[in-house]
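What follows is a group of structures, each given as structure tokens.
You will see two complexes here that share chain A, one where it goes with chain B and one where it goes with chain C.
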Partner chain A sequence: MNKQPLFPERGPAFWLTGLAAAISAGTIGLLFVSLVVESVPVFKSEGVSFLWGTDWFAGEVYGALPMIYGSLMVTGLAVVMVLPFALGSAILTSEFLSGRVRLVVKAAMELLAGVPGILYGLMGIALLAVWVRDLFGLIDGNTLFTAGLLLAVMILPTVMTLAEDALRAVPGETRDTALSQGLTRMETVMQVVVPQALPGLAGAVFLGLGRAMGETIAVMLVIGGIDRIPQPWFDLFASGQNIPSKIGREAAEALGFDLQWSALIALGLVLFVMVMTLTTAGHFLLRKAR
Partner chain B sequence: MNPRLWKERATILILYGLTGCGCLVLAVILTTVIMKGAPALSGEFLFEESRNFGSEGGIFYQMIGTLILMAGAAIVCLPVALGSVLFQTEFLHSPPLKKMFRFLIYSLNAVPTIIFGLIGYLFFGVLLDAGVSWVTGVLILAVMILPTLHVSIHEAVESIPDHYREAGLALGLSPGQQMRAVILPQSMYGMVTGTLLGLARAAGETAAIMFTATAFSGVQLPQSWTEPVTTLQTHILVLAQEATNPKALTHAWGAGLVLLTLVFILISVTLWIRSGMEMEAER
Partner chain C sequence: MTENVYAIQLENVRLSYSGKAVIDGASCAIRKNAVTAVVGPSGSGKSTLLRTLCRMNDRIPGFRAEGSVRVLGRDIHDPGINVYELRKRVGMVFQKPCVFPKSIYENVVFGLRFHASPNGENFSERAERALRDAFLWDEVKDRLDQPAHILSQGQQQRLAMARTLAVDPEILLMDEPTSALDSKSANAIEDLILSLKEHHTIVLVTHHVEQAERVAEDLICVDDQTVCHKPCQYP
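For the complex of A and B:
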């Protein structure tokens, strides 16, 4: 076969679309480059202690550990709480419900996945935080637990639809074979379908986690906004802070070129690396499942 | 009775229980927004400007602001997304470059929205000197929804059957003519659904615009390029933090209901168009 030239013809269509492609690739490239470049000053002045310092006083010292801790804690909580519900309903929808009901459920989930974060935030601050306060007898309902719970509710539709897709990707013959061996429907699902769909299910959870970790507005309103690691560290009913919420709170006052601005961008970089790890893992697992 | 059968029934019951709980939570959320938001709605609420820091008056300019930002973002983003998809599918023949492009788009999709605010302000606000303004907001949101539009259009273009292209080539169409005559008409639905989803995403976004494009009070229509707007999202954000003032809170729920309705309409239309396409494909 003849080797095709890289670009066959260079008419106006080529230049127009090429310009658009250059704009989008350039924008994305610039975004990533400036995320790194702009966070250099704070790493220069704080060194590695930016990552494990526990104190953050604007203008004096920047330590991101409490925010990193908060992000991990809140996301971990969300996944623990969302797993049984998301997987349970995904299995039920994919394996036991009829085609039409399934479509309705899927459509409803896609709608719900689009509910703006600010509405969850409003719900969190006006209702959930109050319930948590009264239920657990706390002084302040804005805690890591509240934020985790709110995120769990937020990512439920996303995780559920993706997990359901992963289960549907297991071929029907697999089920038929298992059933013909005398397994009950439930045994088929649990011992044959779920193990086969496992990479896809994991991928769904990872993508949901990525979304939870990057969510700003809902968490910002209910997490309490105190930059410290609770004592003891597993005390979930204490106020905390996660990375997006910290950025959201301080960005307006730091708008500009100060070291504080650089510190916020460095926080963004840390967040991006964490989210990117989760989403890349998720996409990899989902592709493997197909 | 057979213990296996019992186990079977018990597990299915548990599944129904879990699903029921999940659905219940989501149903509670929707009904809460509707129940709390509905009392605030009235002609005055929809068509008057807000007064007394949001606890009186309406949300007219907030709605306009949200519409300006989301429509602006879509208008800026659509040609860029369309162009880069076409470049990628029609002109780019090297697999590693294609792969790299796809990777860029996927990683953009993974970027937490607050980061768009940070970096976007740096470029559009500081370098372009637009400051905290609606232009900054539009551009930031346009970058944010790029992956949504790109993926949707890309899928539509990829799913055009090969013999359509071959027919075009056999007629001796140049790539430009091929795009106009074959590819654009055949992938129109991808453009429409992608744009609608992008609009929905932009309408629901708060974090990226709260410190880059909006002001809370005293804002009407922007008169110049560098003026901020006020939006439903940020209006709710400010009112929600005054959780002690019941009147402000009612207005927050009302604005929330309006925003939710807007987003739901956009997504429903997308789903409707998409299910129509699927039915056509099955025929």
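For the complex of A and C:
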């Protein structure tokens, strides 16, 4: 028996890949440590009520709940809205379109996924916010709902292509077997292919969620920018605030004001943990699906 | 008259992918309740021919079948034909054993669940019968609720047969069912084929001439776009 060495060949490729991996791992580790260190002051001064407090007045109190609430609400809303469209079009593309059309759709989706967030933001403020205002008879169209809707549009291509990949990963024999048992194509897709692709589909949604949660500029433009939890709490047609938008608005002015700066960093830490959890779960599920 | 003798009759059949013919001008007939082996070089169109018989090629873009393909007395390309009914009567087993990520029992009754008949026949009875017919019952009867993928490759292939048998097809199409198996499992499948021919018409694609000799009464050769009967030297 000859033992496989752990690293079969240590050519330049090995060292380059190793270096890149070490740099990214190191960066993430460093980022995490500095987020923790710099957020210590605000936790010292506010305690855990930093996480539960509902008021944020720079120089007085720092309560992050409205921003955490805003992030969760907007992301949750985006995912609820994106799910039927992303899964529906992924199923249609993977199972019912011919090869050539499928490639065109995929290319378009991947192109759309690369459109910079600021452009979505501009469209959001110029069109979406106005439509939402007029359609629902609001005074201000910049609401949590608007932000969620815009995010849904933004993550649709990502979720759709990843979900489509997950469906394609189900082997053709599985479809053949189901069809040969006399199932219709629809039954085959819904009862055999989709259940088998479920981990991958969930992974696609999680990665989309991670992207939605971290998106800053587009949300900043349409969310309204008010640090409060609406009354009642489920009134999505009120202005709100989420974590990235809060940080984006205040970072420049807060630099140098110790406690406010620390509070923003602490918000960043919360965001980091939430996004990392989603993304890791997403990658794990996608890998499991292969 | 011939309908009573032959389960499948091809007349001047042409099968093509995007206009490129794989089989052209093929005519042949396959006897009822007998084992017919289909042999021929790789890429000659054996799988294409077999899949055509239960219209599994329908979903392949560019595929076209012309000529008359009569299965159990009806032209399967008739507009009036119900393809799902057809696939119930003409079952297919593939080269690679394909089990669903469900329990052994759920795999066997998989097709039944979609064709639940109003006469209320008991699923578990039919599952047992199918598993017995597939020579698998004794090996799995104590662990029907365990996941199917724990079975060996040979057992999985017999499970696939049981799943096909459970919907009670008249014709069984098998595309190299033993090529992914070791010789012991392959022997089990061959015995199974011999036992099934009493009630089923079996069409078997194989690369092993010896296998064809062992199990088949009739031999069909697919080569050079044509299909021809070989008189069987081994009665």
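Quick note on the criterion: the second predicted complex is superposed on the first by the 261 of 290 C-alpha atoms of A that agree within 3 Å, B and C clash if a C-alpha of one lies under 4 Å from a C-alpha of the other, contacts with A are read in each partner's own complex, and residues count from 1 in each chain.
Criterion: a contact is a pair of C-beta atoms (placed from the backbone, for glycine too) under 8 Å apart; a residue touches a chain by one contact, two chains touch by 3 or more.
Bear in mind the structure is a predicted one, so any value in this text is a computation, not a measurement.
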Review point. Can A:176 be said to touch chain B (first), chain C (second), both, or neither?
Key: second
Practice item. State whether A:196 touches chain B only (first), chain C only (second), both chains, or neither. Key: second
Revision key, fill the gap. Between chain B and chain C, more residues of chain A are touched by B
Review point. Where does A:80 make contact in the superposed view: on chain B (first), on chain C (second), on both, or on neither?
Key: neither
Exercise for review: Please work out whether A:104 is in contact with chain B alone, chain C alone, both, or neither, and reply first, second, both or neither.
Suggested key: neither
Point to revise | Which superposed partner A:40 touches (first chain B, second chain C, both, neither) | key: neither
Point to revise | First (chain B), second (chain C), both or neither touched by A:184 | key: both
Check your understanding: If you lay the two complexes on top of each other, which residues of chain A touch chain B in one and chain C in the other?
Key -> 184-185, 187
Check your understanding: Any idea which chain A residues touch chain C in the complex?
Key -> 98-99, 171, 173-174, 176-185, 187, 192, 196
Revision key, fill the gap. Contacts from chain A onto chain B in the complex sit at residues 4, 6-9, 11-14, 16-21, 23-25, 27-32, 34-35, 38, 84-86, 88-89, 91-93, 96, 103, 107-108, 110-112, 114-123, 125-127, 153, 156-157, 160, 184-187, 190, 210, 213-217, 220-221, 244, 247-248, 251-252, 255-257, 264-265, 268, 271-272, 275-276, 279-280, 283
Check your understanding: Mind pulling up the chain B residues that touch chain A in the complex?
Key -> 4-5, 7-8, 11-12, 14-19, 21-23, 25-26, 29, 32-33, 79-84, 86-88, 90-94, 101, 104-119, 121-123, 125-126, 132, 143, 146, 150, 174-176, 179, 200-201, 203-207, 210-211, 233, 236-237, 240-241, 243, 249, 252-253, 256, 259-260, 263-264, 266-268, 271, 275
Exercise for review: Going by the contact rule at the top, pick out the chain C residues touching chain A in the complex.
Suggested key: 54, 56, 59, 61, 84-85, 87-88, 91-92, 94, 96, 98, 100-101, 110-111, 114-115, 160, 163-164, 167
